[in-house]
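Can you keep this structure in mind? I'll have questions shortly.
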């Protein structure tokens, strides 16, 4: 079963970011699977919070195309208003959030709004959704994206969801942002991490089958490589079994 | 009341319309399609995230402004009509007032409580503050200007003819949208008697004094899910993504699924309702409202 | 967990405690009486209107400050212990932070959303602005400073051991009090399984992550009403009014009904439970949470 | 059945203030009966809103000691949070409110908080409850109280619920108060009314069995008597039947 897709690897890596006992603002797509994997492995008491207005302590039994699908409500611990889930996050009760990104820069700022001038954009992206809220209010967060030079850029042209801002230490607290900001960017090629207290992303581990040179080539800024850069551990059989149980047709991980 | 009559009467051109307030579930597609058939123009659409419906109304040229946190296709990604309108002004230019999910909720609570704005700690450090004039940063807080919909259009599981609506499952910003709106139009899977709605007044979503229309329209939320009634039609969303990539295929899709369809009943005849219907029932344990 | 243990662990001296948040119904008298028995001191009590319970805690000397809209005896009028404390500093002086019902709700929403204050149009022109430092008039609005209870104590109809609480009937400011509080202590008429609470997640009042204790204490709200379980004991409120007019009769009442009573079970033995119990049942029509 | 108590008369008079179609913020005690009487007579489509979190379109079938009693929930059109009922009032949807008062002055300002210096009051009254909210936000309101010289005073020492302020025309709009303020004070002796746009209370009608001189003697300021002062119409048999149906033991009207 050692064969796996890049998405399956990303899910496995993301699931390892979830600590037992965490309240996780789950979001959509791969993170829904990451929560399921973690909950069934090393984080049995992790809870999931969904901005649609749900709290859960176990993954949905059925496949989820969206967080609002009926199986996500069965067994839910709370079905409420979105603003109540945001209230918990604004109080610092959300330990970890996941955000999807279209564009990220070296300081972890995300753009999901506009490529080019907002007045007449080259590309109009869907927008923040809950992304900006998670980026600002959750204690720490992680983003997942395809590793392409056009996506990992020196500076994003529009900051939808602030990471570590201009990269100077303490930027977030100076700006009055409550949460700690991004801790990792999980891409199709590697895992990037940020120093505590903010700053610039560096390569922490490269995914099996890929090289540091390849990562550098696909990144839009001169990339810092940590001295102890390692190879990302591949998904375990247990992780893959769990992933394939919750994404039986590969809707998220094999398309 | 029929959906055609409800939209004719209560959603005139230029209206500010809140829809899709429960996010991915209970999206009032039938109401939106009727707005398209009636050639509504100059609408301002208000919502949190919109899963395809706003994209369809934008592509049909009904929309002047979008005030929302996210517009696209949740399981498929980008909203192609939204992109064309914003990038190429096709079929027309639209104005975008960006929000986050939390800030659009607060904008509606501000209107519900009749105050000019509400403060929040979210959006600090976000460029959304630069593109939305209704978000003002001051004294370390963001002040979210009230958004007052003329009408909130909501799909629910059941309602009575007097406008008492029962909805369940995750409800997103449905409550504040209804309270903030001048009036509420409801579509429902089941039209029930007051004996059902009043048996559980805590599940009634809105003050009936704001409800101006109740339309009995089973399947009105397709392809979005309805707890206890319909699963989400993922394939339909994928098909819409494919058939909205260019103006030509979108126009064909619109003719095929909206303009060429007289009403929701005819639309439902073309859906594999049986494969989408939820068949396994999970009734809630009753609450005892006994009083003597 | 027993009520004695819940109060011992979670309501230390000096706590800010929200109670009676559903106004006249579901008042957690058993919890309040246990605070009196445990000789709690320096409490700040937070609530909308308080029907007798705050008066009892004030008379027992547990209270340093009251942050509320109204303190008395709803069917009988004035709160005699409240008057003695405010007028004669008997048994001790208390500080009063006056609110209206709307403003105390907003103070709790401010805390729930973690902002310093929320604006409102109420209280303009009221002298309450002069006596409560947490209400600031500016630019034609009143800014209501956040009130963050250390603990919200809530009585509900049913809950499970994990802290998922179902409450119904009018709920006043219960939801915002729970969200604003650092922790929640629940007493319930019935301790039920998760199969009951999770059958209706929309009726769950609070995130279980804030609930620190669930006490199965039938009748814990007496003499206040509990929809589906108990009528209001009007005669008991009248008796309390008579027996609180002077310090002496109040002290006798306190000995008789609180200090001299070991626990709620013993208290209930002295109540004509049968005449107060609601016998005619009105079950809500179930909602179908089916998902496939 | 022409025999009736002062409270029964007050309830009948109060019920006549309710127009058909009104949304009434009902409050406690006598107004609960006034809503029941009006709803069963001239105001069949009047709805009641209760700050506890209820809306009704008919009186409760059972006796109510408080608005939170179980019979008030049976048949309710909405059981919600208090803040949602306040939202409707803040939007101007509440046509009429009732407020109980301990002290009222010539301009209709109510005191339910402190007699004497708030720092060391002669009498500590229960407080606002929803009174200040109704006084400020409802379109028009009415107060009921026992007509005593110590209660109807020149100026209240503490304004819990603002009426027409200092009595100058337009005081409320200058202060930014949304609603129109008090239209009547219904006492045990008479009905006092206010001119449109604010100002000072005047005697509109004197209750049967009482005289203008008696009213003047029991009032703490030089009272204006309107030229067309009339006798208050006594409760009709229909009104009394209705009152006694909803207060069978005279809990509110015969004690």
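A, B, C and D label the chains in the order they appear, each numbered from 1.
We adopt the following convention: a residue touches a chain if its C-beta (ideal position, glycine included) is under 8 Å from a C-beta of that chain, and two chains touch if they have at least 3 such contacts.
Only a predicted model underlies this, so the values are computations on that prediction, with no experimental measurement involved.
Common neighbours of chain B and chain D, by the contact definition above: C. The chains in contact with chain A as well as with chain D are B, C.
The centroid of the Cα atoms in chain C and the matching centroid in chain D are 27 Å apart. One finds 41 Å separating the Cα centroids of chain A and chain C.
Centroids built from CA atoms put chain C at 37 Å from chain B.
Under the contact definition stated at the top, the residues of chain B that touch 2 or more other chains are 106, 113-115, 120-121, 168-169, 171, 175, 202, 227-228, 231, 278, 282, 289-292.
Touching of two or more other chains is recorded for residues 54, 69-70, 73-74, 76, 79-80, 83, 86, 90, 178 of chain A. Contact between chains, as defined at the top, is found for A-B, A-C, B-C, B-D, C-D. On chain A, the positions that touch chain C within their shared complex are 23, 47, 54-55, 62, 69-71, 73-80, 83-84, 86-88, 90-93, 178.
For chain B in complex with chain A, the residues that touch the partner chain are 22-25, 48-49, 51, 68-72, 74-75, 77-79, 82-83, 86-87, 96, 98-103, 105-106, 109, 120-128, 130-131, 140, 168-176, 224-225, 227-228, 231-232, 234, 237, 278, 282. Remark: chain A residues 28, 50-54, 65-70, 72-74, 76, 79-83, 86, 90, 113-114, 118, 120-133, 135-137, 158-162, 165, 172, 175-178, 251 touch chain B in the complex. Residue ranges on chain B touching chain C, taken from their complex, read 106, 113-121, 141, 157, 166, 168-169, 171, 195-196, 199-200, 202-203, 227-229, 231, 278-292.
In the complex of the two chains, the chain B residues touching chain D come out as 112-115, 162, 164, 175, 179, 198, 201-202, 204, 206-209, 289-292.
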